[in-house]
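Below, each structure is written out as structure tokens.
After this come two complexes, each holding subunit A, first together with subunit B and then together with subunit C.
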Partner chain A sequence: MLSKLVQLSHYTELRENNVAATYEPIAATTLGSAASSITFSSIASTWTDLRLVLTAKGTSSNYPYMRFNSDSGSNYSLTRLQGDGSSAASGRQSNQTELFLINGSLDTTIPGLITVDIFSYAGSTYKTFLTTGSTDQNGVGYVVRIAGLWRSTSAITSVYLYTSPDQFAAGTTATLYGIKAA
Partner chain B sequence: MPIIQGIIASSYKAGGSFESIATLTAAGGETSLTFSSIPSTYKALQIRGIVRNTNASTGWTGLKVQPNSATSTYADHRLSGNGTTASANGSTGRAFGLVDNSVPRDGNTASVFGTVIIDVIDYASTSKAKTFRNFTGVDINGTGIVNLTSFLWTDTTAISSIVLSPETDAFKAGSTFALYGIKGE
Partner chain C sequence: MATTYTLISSNVLTGSAASVTFSSIPSTYTDLVLRISARTDRASFPEDYAKIEFNGSTSNLSSRILYGFGGSSGSTNDGSMVYGAVNGGSSTSNTFGNAEYYIPSYTASQNKPISISSVTENNGTTAVIYEVAGLWSNTSAITSIKLLSYYSANFVSGSSFYLYGIKNS
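This part shows the complex of A and B:
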């Protein structure tokens, strides 16, 4: 398998026969050093759904967030279900300027696993997504499931991930997949 | 701040282990949608979709799933969070597999659809009952619900079709379900 970094806009040159696979990696990165953000940009409208898979650590116990298309307006909201090893709970955030990816902080040594399934990302309805967050640090941890909403009818062309405070630690990986329906 | 614009460029071949089988899109008003003639060649199936029903009220209802149009026998369990409370329940003896609280009604904010991911492994087995695992939810900015559900279809017949229906009323236009097959070794 050939592996290299290229511009997103050039990816079609590298697919065999230029045929989109059903479940296809669009872009991926592994941080060689700490970074305050990761951006997937120039996302084509080729697929039906997007899937983001993130294994993340923080340079401190910081919190990961996500925005679409650089929208920093109060257009994000979520409903969550979570368990922390002691109890199950549910919460909500409305009219947010960003999406809190998980209801907890990143660990500095043990990566947490986060997935985000974004449905009909190029369609004309508001954008809905399902998020899973999972981490266990041998005595501390949580599992969270989220239904989220970005109140925009625009197609998603970029995904911006960042932490606050501080940064994603080196070794953090992020992969964006496209899923194409028949 | 660094902007990572990258791709794993590869000789990635079309097709692969995760294949799209069919897509159903409601024109509006359908009381059911059916995936039929499902090939038996995969190890597992996944349904991904967005859904809304035509009822003019707010809130949400469930999604009924019936393999092979079967009206018996199903049991289900659910863990849900409504933004305030985590809750759980279950039932037996249903006439359909219930993916509860997954279909927002049409009286909610326009353009908001519920999301569903439904998985079933060994759907083509003729010796196993079928267990469906479901991750669904909807957020409507101030209200919403997220659900982890599972249901059992006690029949050992291979699944060759799946009927999807809102628990009440009909599908709103734009409700869409995509069926995927996952190959095994």
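This part shows the complex of A and C:
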């Protein structure tokens, strides 16, 4: 199945020739056709934090997931708080092989908004992140907030987004921003 | 290199206003972020809500809401409006609620999702955290944004509204 590897070289060249900015796009993609995954690779350690903004649809009612650095080990955990428009719930998952980004499925026509803030991504401590999922589909949907952890002391050099089952639909956009503290 | 995060327009009220509108929004950005620090004169209540409307339309809005009031929590939905929480007239004086409205891909030919995070802590008996997943079911590019009180109150002097554009390239 088609996968989308987002090239970072263009943005790297632009950044090197200009004064460093606080909040800048590292790479962005809009799918012209369905793809099973989106990968941001070769992420430099230049910034302090990362922010991923994903506006996503699925080719079926599928679920979006994320991994770092191709790690498929049981090194992910999360605590979530969610509302479906009638009831609120909270849950926890430990020792997961991936992270789900929203506690619900993507719609095939109405885009959902997912943001992931990854703090101190290049540091030598475990990586924490905050995910917001907003997927109102005019009658159903979720608002989800997730505190997550990747138990690795490695710097994050790649972000891998994928769905299960099926694919991200055409029109899905993903942008990775770098935020610099100084 | 183009600036990524740019202030498009701001409005800091020096008197009360029934609504705040940002019009003629350029199509040159990727996402919009609206940040407000606001309070209304809604009588006898410590909270109010700032509804958001697009392009002069009051229709095709819906939302899922996750809330906490300090003693209770839950989720609800609204089939006709999208709003974040702000302080109301009986909240602690000199206290304004904060809210961020994130609107991605605002010029894309697709329905527009909206994410809102809002809080109204005021060291009182009632305050609220309001997290919202909103939707404007309209494929038009957003060219104007209007904010107004859910309870038809007025935003008070000192309320501030900042519209930013984020460019992903």
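Note that the second predicted complex is superposed on the first by the 169 of 182 C-alpha atoms of A that agree within 3 Å, B and C clash if a C-alpha of one lies under 4 Å from a C-alpha of the other, contacts with A are read in each partner's own complex, and residues count from 1 in each chain.
The working rule: contacts are C-beta pairs under 8 Å (C-beta built on N, C-alpha and C of every residue); 3 or more make two chains touch, one makes a residue touch a chain.
None of the values given here were measured: they were computed from a predicted structure.
Once the two complexes are overlaid on the shared chain, A:Y126 sits against subunit B while remaining clear of subunit C. When both complexes are overlaid on chain A, the residue A:L81 reaches subunit B and subunit C alike. In the superposition on chain A, A:P25 makes contact with both subunit B and subunit C.
Touch counts on subunit A: comparing subunit C and subunit B, the chain ahead is B.
Of the two partner chains placed by the overlay, only subunit B lies in contact with A:T153; subunit C stays clear of it.
Of the two partner chains, subunit C is the only one that A:G171 touches; subunit B does not reach it. In the superposition on chain A, A:R145 makes contact with both subunit B and subunit C. Contact with subunit C, but none with subunit B, is seen for A:V53 once the two complexes are overlaid on the shared chain. Applying the stated contact rule after C-alpha superposition, one finds that A:R92 touches subunit B and leaves subunit C untouched.
Shared interface residues of subunit A, touching subunit B in one complex and subunit C in the other, are 11, 14-15, 17, 21-25, 28, 81-82, 88, 132, 145, 175. The touching residues of subunit A, counted against subunit B in their complex, run 1-8, 10-11, 14-17, 19-29, 35-42, 48-49, 77-82, 88-92, 94-95, 117, 119-120, 124-126, 128-130, 132, 145-149, 151, 153, 162, 174-175, 179-182.
Every residue of subunit B that touches subunit A in the complex is listed here, in rising order: 1-23, 48-50, 79-86, 109, 111-115, 117, 135-148, 174, 176, 178-180.
Partner subunit C is touched in their complex by these residues of subunit A: 11, 14-15, 17-18, 21-25, 28, 53, 55, 81-88, 109-113, 115, 132-139, 141-143, 145, 171, 173, 175, 177.
Remark: subunit C residues 1, 3-5, 30-31, 62-67, 73-77, 79, 102, 104-105, 108, 110-111, 113-117, 131-135, 137, 166-169 touch subunit A in the complex.
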